[in-house]
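What follows are several structures.
The following pair of complexes shares a single chain, subunit A, combined with subunit B in the former and subunit C in the latter.
This part shows the complex of A and B:
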C-alpha cells in the first residue's frame, strides 16, 4: 500500500539558499508523525512542496500516493491542512466560512462540525477578521477536521497560543481517534504538546533530515547516564563515540548515551569506570532528546568547518 | 474525567504508564467491577495520547481479563480476574528477585524491606476498605 506521504530526494532552493537538501522521508498510513526542528530548518518549505504551493527544485513529494504537482480534487478532498498563518476570508462570518467549505467535501460531517464548534467555543456569527489568532486557528481547524480527513497536515499549529487553546486543538484533532485510518503530519517545536501523541519523529536541521525514527525506539536508545566515582572525576581517554556531552563535576560524570542498550551499556560503563561506586540511567523527555540532537548536529557542523 | 489517575512522566512509554495506572486503580478498588471504562477516543483526548496507544492499552487490559466488552454498553471493568499462573510466577520470581537485588544494593536489611512492603500493602488495601465501608454506610437506610 502507498505510504500516506513521502519525499524523495527533495531539494529546494531559493536563489542561492538551499532550504532543503535531498530530503528522503516516508510516513506510513495510520502514523502520527512529528517533524521537529529549529526555526528555519525547512519544515514549512517541505510542507509547501507537499501541498503543491511550491514546485520542487529537484526531487519530488507525494501525498496519498499522488505526486504533489498532480494533486487534484480527489486527493485534496481527503487532506486537511492548517498552517500557522492560515489565510481565511476575513469578511465572512464563521458560519459562512463553514457553509463555503462544506460543499467541497463529500464526507463533510455536520455532527462532527457542531461538536468541534462547541469544543472550541467558537461563535458562528462572528466575522473571521474580528477573531483572535487562536480563534482563527480554531476556525481553520474545524474546516480541516469536519470532513474526516485521511491525512491531516498541521504546520506549527501551536506557536504563540496559550495552553488552553493548545489543549482544545489537540482534543479537537483527537475527535478523529475513532476513525479507521488517519495520518497526522505535524511540524512543531512545542514538544510537551506532542510528547505522548506522536509515534514517529523526524528531526530536520538546516535543510537536512538528521533522523526519522519511531519515538519508542528513540526513547529506548537515548538516556542520561550518571556515574559516581570514589575520587574526583575526570573524563577518561578511552571514550565511546556514542557517549555525548560528558560533564564532570567533583566525583560524578554525566553524559548522554545515544546508543543505550541495557546489558551492553552497563558492561561498557563497568569496563571504562571499573572503580565506579554507582551508576544510574534516566530516560530523556522529548524536549531533552530534541536539545541533544540540536547540540549534536551543531557540534558536527563545527567539526566540518 | 477519567475514572483513574495517571500522571505522565517523560521518557517512559505512555502505554506502560496507562496500564500501570489502571491496574493500580483496580487493586485499590478505585475502579470496581462493572464500572464503565472510557472509550479509546475519550482516553486519548483526556490523556493527549496517541489513539493507537490508547487502543493497544485497552486491548491488552481486555485480553488479560481486567476489562470486558459488553455488547450495547461498552467497555467495563471486569469481575476480579484470577491471575494467570505465568503472571504469578513472574511476580514471585523475577519481580521479587529484582526488588531484593535493589534492596541489597542500597543496603536495606530484610526487616526494613518487609516493613516497607507491608506499609504499601496496607496503604493500597485500606483505601479499598475505606471505600467499601463508605459504600456500606450509603446502602443503609
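This part shows the complex of A and C:
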C-alpha cells in the first residue's frame, strides 16, 4: 500500500537560499505525524511542495501515492489542508463559505459539518473577514474536515492562538481521528498540543531532516539522566557520544541520553561512574526533546563551521 | 460544467455591486451618445454638454471600471501565489477558466457590445458597415481585455496589478523604440492594421493566461508576456507603417509616377533648437498622373548619397507634401478648382556643417525612396448654403448652422458628425455659375473625436467656418449676395486609397551646386 505521503530527495531553493536539502521522509497511512522544527526550518516549504503550491527544485513529493505536481481534483477531494497563511474569501459569511465548499466534495457530510460548527462555536452569519484569527482557523478547519479527508495537512495551525482555541482544535481532530481512517500531517513548533495528538514525529532544522520516528520510541530513547557522586563532580574524559549536553553541579552530573536503553544505559553509567551513589532517569517531554535536538543540531552546525 | 456554474454564481454574488455600477455607467453613456442625434453638435443639449465637458463620461473611465472588475474576478481565485484558498481545493482548472471566461464574455463583452450596437443603429450606421465596425471594436476591446486578464492572472493583489500595468506601459514604448522592423511587406491594409497586431497580442495573452492557469509557473508566464509584448509592438509597427494596399478604386490604368522636375535647387542653412547646424538640401519633385479625385501625400523620404570610394551620406525625412487637388474630380470644369501644383520642394538630404564642408562640392549618386499615401475623395452630397439646412447620409449628418452677412464680410458656420473614422471635407460652390471657393481657403475648422462605448469606432464632431471679405476675395470671380443665394455646400468623404513607394536616382549630384542665395536669385529672375 502506498504511504499517505512521501518526500524523495526533495531540495527546494529560493535563489541562493536552500530551504530544503535532500528531504527523504515517508509517512504511512493512518499515522498522526508531526513535522517539528524551529521557524525557518523548511516545514512550510515542504508542505507547499507536497500540496503542489510550489514546484520542487529537485526530487519529488507524493500525496496519496500521486506525485505532487500531478495532484488533481480527484486527489484534492481527499486532502484537507489548513494553513495559517491561507487566504479565505473574506467577503463570504461562514455559511456561504461552507456552501461554496460543499459541491466540491462528494463526501461532504452535512451532519459532521453542523457538529463541527457547534463544537467550534462558529456563527454561520458572520463574515469571514470579521472573524478573529482563531475563528478563521476554525472555519478553515471545518471546510477541511467536513468531507472526511483521507489525508489532513495542517501547516502551523496553532500559531498565535490562545490555549482555549488550541484545545478546541485538538479535541475536534482527536474526535475525528477516532471515527475516520485518516492520516494527519501537521507542521508546528507548538509542542504541547502536538504531544497529545500525534504518534510519530519528524524533526527538521535548516532544511535537513534530523530524525523521524514514533513518538513513544523517541520518548523512550531520549531521557535525562542524573548521577550523584560522593565528591565534587567532574566530567570524565571518556564520554559516550550519545550522552548530550553534560552539566556538572557540585556532586551531580546531568546529561541527556539520546540512545537510552534501560539495561545497557545503567551498565554504562556504572562503568563510567563506578563511585556513583545514585542515578535517576527521567523521560523527556516533547518540548525538552525538541530543545535538545535543536541544540544538538546547532552544535553540529557550529562544529562544521 | 457544474463546478464552472457554481463558481460563476459565486463570482456574480461577489461582484454584482460592481456590475451594477458598470451597467449604470454604460446606460448613461448610451443615453448621452444617443441624445440629440438630430443635431451634429452634442453641446447643443445642455445636460450632455455638461456631462461631456466635465470629463465624467469617457471610454477611459469605462476601461478603468472594466479593469477593476477583471482584477476582482480573477483575484477571487488567483492562479499565482501560494496562499489562495482554491489552490488546495478540488476545483478543475478547466472549470475555473470556463467560469471566468463566461463571466467576462457575458458581462464585460456582450453587454457593452450590445449597447454599442444599439448606439450604432441609432446613429443610422448602414447595415453593411455594422459588421466591420463591430469586428473592429471587438478586436480592439478583446486586446484590452486580454492584456488585463493576463496581468491579473500574474498578480494576486490590486496593488501588484497596478504596478504590473505601469510596468507594461513603460515596457511597450521601450520595445517600440528599440525594436523596429523595416522590412517592406505587401499585405491588405486591414490585415496589417488590425489583424496582425491584434492577433499577436491576443495570442500572447492567451498563451500567458492558459500557461499560468495550467502550470502556475508565474515567472515563466511573466517571461512569456514580456517577450511576447516586446516582440508584438515592433511587429505591429512594422505591419502598420510599411503595409501597402492596392490602389482603390482603380486609377484607370494610369500609373502614378514620381518625376524629378529639376536638379536639386538649393542649400538652405537650417538651425533648429538643440540641434547641430545642418545644411538642408532640397529638390523640386512632382508626381505625375495623379487621378483628378485623388490627393497623394509624400510622407517620408529615405535618401542616400554615394560618393566614389565607398563613402555615403544617409538621410531619412518624415515630411508631408501634398500633390493633386481632388476638386478637379469632385467639381470638374468649375472655376476656382485649382490645378495641381507644378512642383513641390522636398528635403532630400541634411548634412552637418563639417560633412558639408568636406563633401558638399564632391559629385555623387543620389538615391531616394519616397513613401506615398493616396487619398480619394467621393461626393457624399450637397445642401443649400442656408442656416438650418441639413444633409443626412447614413450615419453622417451635416448642418449649416449660421450664414450671416455683415457689410462685405460673409460668415458661415457649419457642424457635422460622422462615424467610424469617416473624414469629411466641405466646399462652397455655385452650381449655376460653375464656380467653387477653392479648396485651399474654402472652409476650415476643427474636429474632435469621442469614442463610443467600446474602443475602435469613434464619432467625429466637426465645427467648420468660413470668413470671406466679398469685395477683396482671392478668387477670379465675384462673390456677392446673388452668388450666395444659389450657393451650396459640397460634402465629400476622404478615404485611404493605398500606399506605395517610388524610387529615383540623380547622378553627379553635388550638395553645394546651388546655394540658398543663388536659388532665391533664380526665383526672382523667373518672377
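Everything below uses one rule, namely that the second predicted complex is superposed on the first by the 301 of 305 C-alpha atoms of A that agree within 3 Å, B and C clash if a C-alpha of one lies under 4 Å from a C-alpha of the other, contacts with A are read in each partner's own complex, and residues count from 1 in each chain.
Methods note: contacts are C-beta pairs under 8 Å (C-beta built on N, C-alpha and C of every residue); 3 or more make two chains touch, one makes a residue touch a chain.
Bear in mind that the values here come from a model prediction, so they are computed numbers and not experimental data.
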{"item": "Superposition on subunit A - do subunit B and subunit C clash or fit", "value": "fit"}
{"item": "Vertex subunit A angle, Cα centres of subunit C and subunit B, expressed to the nearest 10 degrees", "value": "150"}
{"item": "Subunit B versus subunit C as contact partner of A:74, first or second or both or neither", "value": "second"}
{"item": "First, second, both or neither for A:268, with subunit B first and subunit C second", "value": "neither"}
{"item": "Touched partner set for A:105, first subunit B, second subunit C, both or neither", "value": "second"}
{"item": "Touched partner set for A:219, first subunit B, second subunit C, both or neither", "value": "first"}
{"item": "First, second, both or neither for A:35, with subunit B first and subunit C second", "value": "neither"}
{"item": "First, second, both or neither for A:94, with subunit B first and subunit C second", "value": "neither"}
{"item": "Subunit B versus subunit C - smallest C-alpha distance in the overlay, whole Å", "value": "26"}
{"item": "Parts of subunit A lying in touch with subunit B, wherever the complex brings them together", "value": "30, 32, 167, 170-171, 174-178, 193, 195-199, 216, 219, 282-288"}
{"item": "Footprint of subunit C on subunit A - complex, ascending", "value": "48, 51-55, 72-74, 76-77, 79, 81, 83, 85-89, 91, 96, 100-101, 103-105"}
{"item": "Interfacial residue positions of subunit C with respect to subunit A in the complex", "value": "2-3, 6, 10, 13-14, 76, 82-85, 87-92, 217"}
{"item": "Residues of subunit B touching subunit A in the complex", "value": "8, 10-14, 39-41, 44-45, 47-54"}
